[in-house]
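Each of the two complexes below includes chain A, the first together with chain B, the second together with chain C.
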Partner chain A sequence: MSKKAVSQSELENWVDSVIQGHKTYGVKSKQDKYDYGILENASQLKLDYDVTIRSPKFLFLPAVESIASFNRENAKYESEIENEAFVVFGVHPYDVVAINQMDTIFSQPNRDEHYMTRRNNATIVAVDVQTPSEDVFAGYMGTATVEEGFDVLVTRIGDDAYLIDAATEKGEKLIASLSGANDADDSDIQSRADVWEENKNKLRRHELEVEPSEWPELLKKSVESPLWEEKSEKCFSCGSCNLVCPTCYCFDVQEDVNWDMKSGKRVRTWDGCMLTNFATVAGPHNFRADKAERYRHRYYRKGAYVPEKIDGEIACIGCGRCINACVAKIANPVEVMNRLAEEK
Partner chain B sequence: MAEDMYVPLQATTLRSEEMTETERFFEFKLDSGEPLGHEPGQFAEVSIPGIGEAPISISSSSTRSDTFEMVVRNVGNVSNGMHQLSKGDKIGIRGPFGKGFPVEEDMKGKDLLFICGGIGLVPVRSAIQHVLDNRSDYGSISILFGAKSPSERLFVDELAEWKEDDKIDCFMETVDKGDESWAGNVGLITTCIPKVDHDISNTKVIICGPPVMYKFVLIELEKLGFSHDDIFVSLERRMKCGVGLCGHCQINGYYVCQDGPVFKYSDIEDEKGAI
Partner chain C sequence: MSKPRVAIFDFACCEGCQLQIVDMEEEIIDLLSVINPVEWREAMSEQSEQFDISIIEGSITRVEDEERLRSIREKSKVLVALGACAVTGGVNKLKNNFDLDDVKQFVYKDDAKMPHLNTSKTKAVCEVVKVDYNVPGCPIDVDEFAYIVRCLAIGKEPDLPTYSVCVECKKKGNICRFEYGELCLGPITLAGCGAKCPTESAACFGCRGWVEDPNVNAAKDVLEEYGLTVDDLKSKMKLFGSQQENTI
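And now, the complex of A and B:
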């Protein structure tokens, strides 16, 4: 696969050429923050951003999507699958790891055609972090850099120098318009290795004292910890920590009837285990009525339950979004894991 | 493109009959003509287009017919919608889903004790029908059924048959609160348990009922010395997908839609919030 060394202007020309030929998302400024949006030209793309408000999961699992249409008369449902190729520029390594985890979850053992079709339609251009966000701790989670799951990786290796690395056939196709550019040499590749080394140390804004691999065992021993009550006392059950998390994927399903009253759509929306009635059944009986139980559940999903489904990987990639999103300032996984370790 | 697991199959209502004030009985058949292919204790997601989808137990055994039966309590959107169904009306079906009662692996050759409270009889009925249809594979069969009041008893004709059926060794019914029509037992279902002649070392117990029932029944079984390995419970949780993704049905690391709804008690007894 090709590795190219390019200048800032060569990079921008390439991005513009991609925009010409593809539906293209990228990271853009949004007031003083950053978020994914449709790119109209390369100058909108921010490659030195700290963190995006939304994680890229919405590209594969939208907050609201129609999954089927139906006819009320005969109960005939027909699958509605969004099938459009797109490119996304600027995914940070930790978010690529989250996407890799979601790919496993949405394809095994049961394949979600809606997620997987969008996923297979995507060409992902990852970007190594230049500006660490305030709350990132990816360095501790092993997600500050990433080796697979992207099609192209862009790394800034000098003031006016980027290394563009195509990792897949899709990526190779996407960088075809760079054919005139120089191939990266050994010193470029060394510069990138230096960036990686640096990022592993830089993306450590909260000091985690527990190895991720120890989370499941630690959690197993901490079911009765007083911490769950203590922290959750301040919880508003607002679900923001679920909303911003790249590895939260719970959903609700509802139906909307069209104006004709004869047809309609089955709609899937994001849901969150921190919301009060997430586990309510008829009665009404709420199996997680206590907010401490909901609060605990979220951490166990990240550190124990979901890992069982994805080969032991921890379902927290250290982006720090929840830390920032929580008004009550109680959603920091680092604080929670450190405290639990202290208690033992 | 591969098949979309969220798209229901069409099915037709063959029967829709009032059972109690709040419960209705249904018989459905897939329009494809294929049997649903379910095992006792499994459930399906029922769609009422325009309203939504809900998990409903399959109450009949596939040993009896290519159709399948359900009983639904009118509690909310979809169940209300189902209560409006008439013969010939169409519904959507996904499934069957989940792990049912272990009629093959654990229960074969054993004495069986079924303990059902209220609507808990609905899923267990599929297992009872199955073991009656394969009677020689099992030891003695005991069935205990408790309802809140006589008017809330389900499957009254079948209950009457079971009472007379030689294939059933012990059949006991009770209601929490009697009335002038009721000449039978009055009292909680737990009071019936010690009255059964158990061979504890060779019995498998199947429990299904409202959340409060489990605790008291389990205490009673404990007193009699039943092993937790020999007890099976069928649990209810909120469900939105049936395929282990939406997250609603989780009991800690277990997904009730896939790992259950039937669990061996010893597997989940230490799980906080399970029972």
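And now, the complex of A and C:
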């Protein structure tokens, strides 16, 4: 696979050429923050951003989507699957890890065609972090850098120098317009290795004292911890921590009939285990009616249930979005895990 | 399927929620394909004593209005409260924070004693009669109203949000108003509006009423973090939330 060393202007020309030929998302400014949006030209693309408001999951699992249509009159029921190729520029390594985790979950039996179709249609251009965000702790989670799950990786290796690395066939095609650019040499590759080393230490804004691999065991011992009650007293049950999380994938499904009272659609929307009625079933019985139970569940889901499901992988990539999104300031996984470790 | 006879009645309000329905444009034809309006002051001159569904707009501010509302309830199979005034008492409830005589004097001056201005404490519709469905908001969200109407027409229980506005902000990728030091009532306010105000960079002022367990005590703790005071919160909550249950 090709590795190219390019200048800022070569990079921008490449991005512009991609935009010309593809539906392209990228990280753009949104007031004084950053979010993914449709890219119209390369100058809109921000590669030195700290963190995006939304994680890229919405590109594969939209917040609201119609997944099927029905018509009672002719008993017709059809899945609706969005099937359009697109490119996304600027995904940080920790978010790539989250996407990889979603891929594993959604491709398991009962494979989710809606998610997987979008995912297979995507070409992901990852970008190594240049500016660590205020709450990032990816350095502790092993997600400050990433080795797979992207098609192209862009790393800033100097003031006017980037290394562009195609990791897949898709990526190779995407950088075809760079064929005239210089191939990266050993010193460029070394510069990138230096960036990686540096990022592993730089992306540590909250000091995690418990290795991610120890989370499942620690949680198993902490079911009765007073922490759950204590923290959840301040919880608004607003679900913000769930909804901004790149590894939260829960959704709710509802039907809506059209005005003709015959046809309609089936819609799925993001849901979250911190929301009051998330665990409500027929009856109506709520399995987790208590705030503290819901609060605890979120951590068990991140640090015990998902790892059980997918080979020890923790469902937290250390992006810190939950820490920032929680107005009550009770959603910091680092604080929770450190405190549980202290109690033991 | 025969179309349900629907009557829309207004009490103390600006009638803006009825206007929202009139303003449904193309969809109003669809609406009329599933309901048969028999009384609707904003849109038609006919009146009726017989209807299946009554839609009540406005809050209840006079003793005679309570009687009128009870009589409507008796005739209705289903009663829907429309808009903030009907659902929570809305802005009209601000009045309840003051001495009633002072309020009358301040607003009506010399006319304060006239019988038709004999206002009493403001009540939400549910404080007078049983309400089957709420369409909250100031004004209502027409999409939500349309969804509820379609559900009622087909005999399906509408599935309405029980969560807060934060959910809709997060789905839209809005920047949290607290990040700008603003006091947003989003965390304690019932969703369903699509977070319209925060999407336009304004903090939520709670027009849809509170979620079931608004955790106001936590809200008070949060204020300190952002350099705000309990008085800031109280004054913000008074606009649409005076004397709502579980709060101030």
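Operating definition for what follows: the second predicted complex is superposed on the first by the 340 of 344 C-alpha atoms of A that agree within 3 Å, B and C clash if a C-alpha of one lies under 4 Å from a C-alpha of the other, contacts with A are read in each partner's own complex, and residues count from 1 in each chain.
Just so it is clear, contacts are C-beta pairs under 8 Å (C-beta built on N, C-alpha and C of every residue); 3 or more make two chains touch, one makes a residue touch a chain.
Owing to the predicted nature of the structure, the values given are computational and were not obtained by experimental measurement.
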Practice problem: Return first, second, both or neither, reflecting whether A:117 touches chain B, chain C, both chains, or no partner chain. | Solution: first
Practice problem: In the three-chain superposition, say which chain, chain B or chain C, touches more residues of chain A. | Solution: B
Practice problem: Based on the superposed arrangement, let me know which partner A:340 touches: chain B (first), chain C (second), both, or neither? | Solution: neither
Practice problem: State whether A:234 touches chain B only (first), chain C only (second), both chains, or neither. | Solution: second
Practice problem: For A:253, select first, second, both or neither according to whether it touches chain B, chain C, the two together, or no partner. | Solution: first
Quiz item: Thinking of the overlay built on chain A, is A:64 touched by chain B (first), by chain C (second), by both, or by neither?
Solution: second
Quiz item: What is the contact status of A:87 with respect to chain B (first) and chain C (second): first, second, both, or neither?
Solution: neither
Quiz item: Should A:316 be classified as contacting the first partner (chain B), the second (chain C), both, or neither?
Solution: neither
Quiz item: For chain A, which residues lie in the overlap of the chain B contacts and the chain C contacts?
Solution: 254, 257
Quiz prompt | Touching residues on chain C, where the partner in the complex is chain A | solution = 1, 27, 30-31, 33-34, 147, 150-151, 153-154, 156, 159, 162-164, 166-167, 170-176, 178-179, 186-188, 211-215, 218-219, 221-222, 225
Self-check item: Residue numbers on chain A that touch chain B, as the complex places them
Solution: 67-68, 70-79, 81, 105-106, 109-114, 117, 223, 249-255, 257, 264, 266, 271, 273, 278-283, 285, 287-288, 293, 297, 300-301, 304-305, 308
Quiz prompt | Residues on chain B engaged by chain A in the complex (per definition of touch) | solution = 1-8, 10-11, 47-53, 73, 75-76, 79, 90-92, 211, 236-238, 240-241, 243-248, 250-253, 272-273
Quiz item: Along chain A, where are the residues that touch chain C in the complex?
Solution: 30-31, 33, 35, 53-54, 58, 63-64, 233-240, 243-244, 254, 256-261, 269-270, 272, 275-277, 291, 325, 327-329
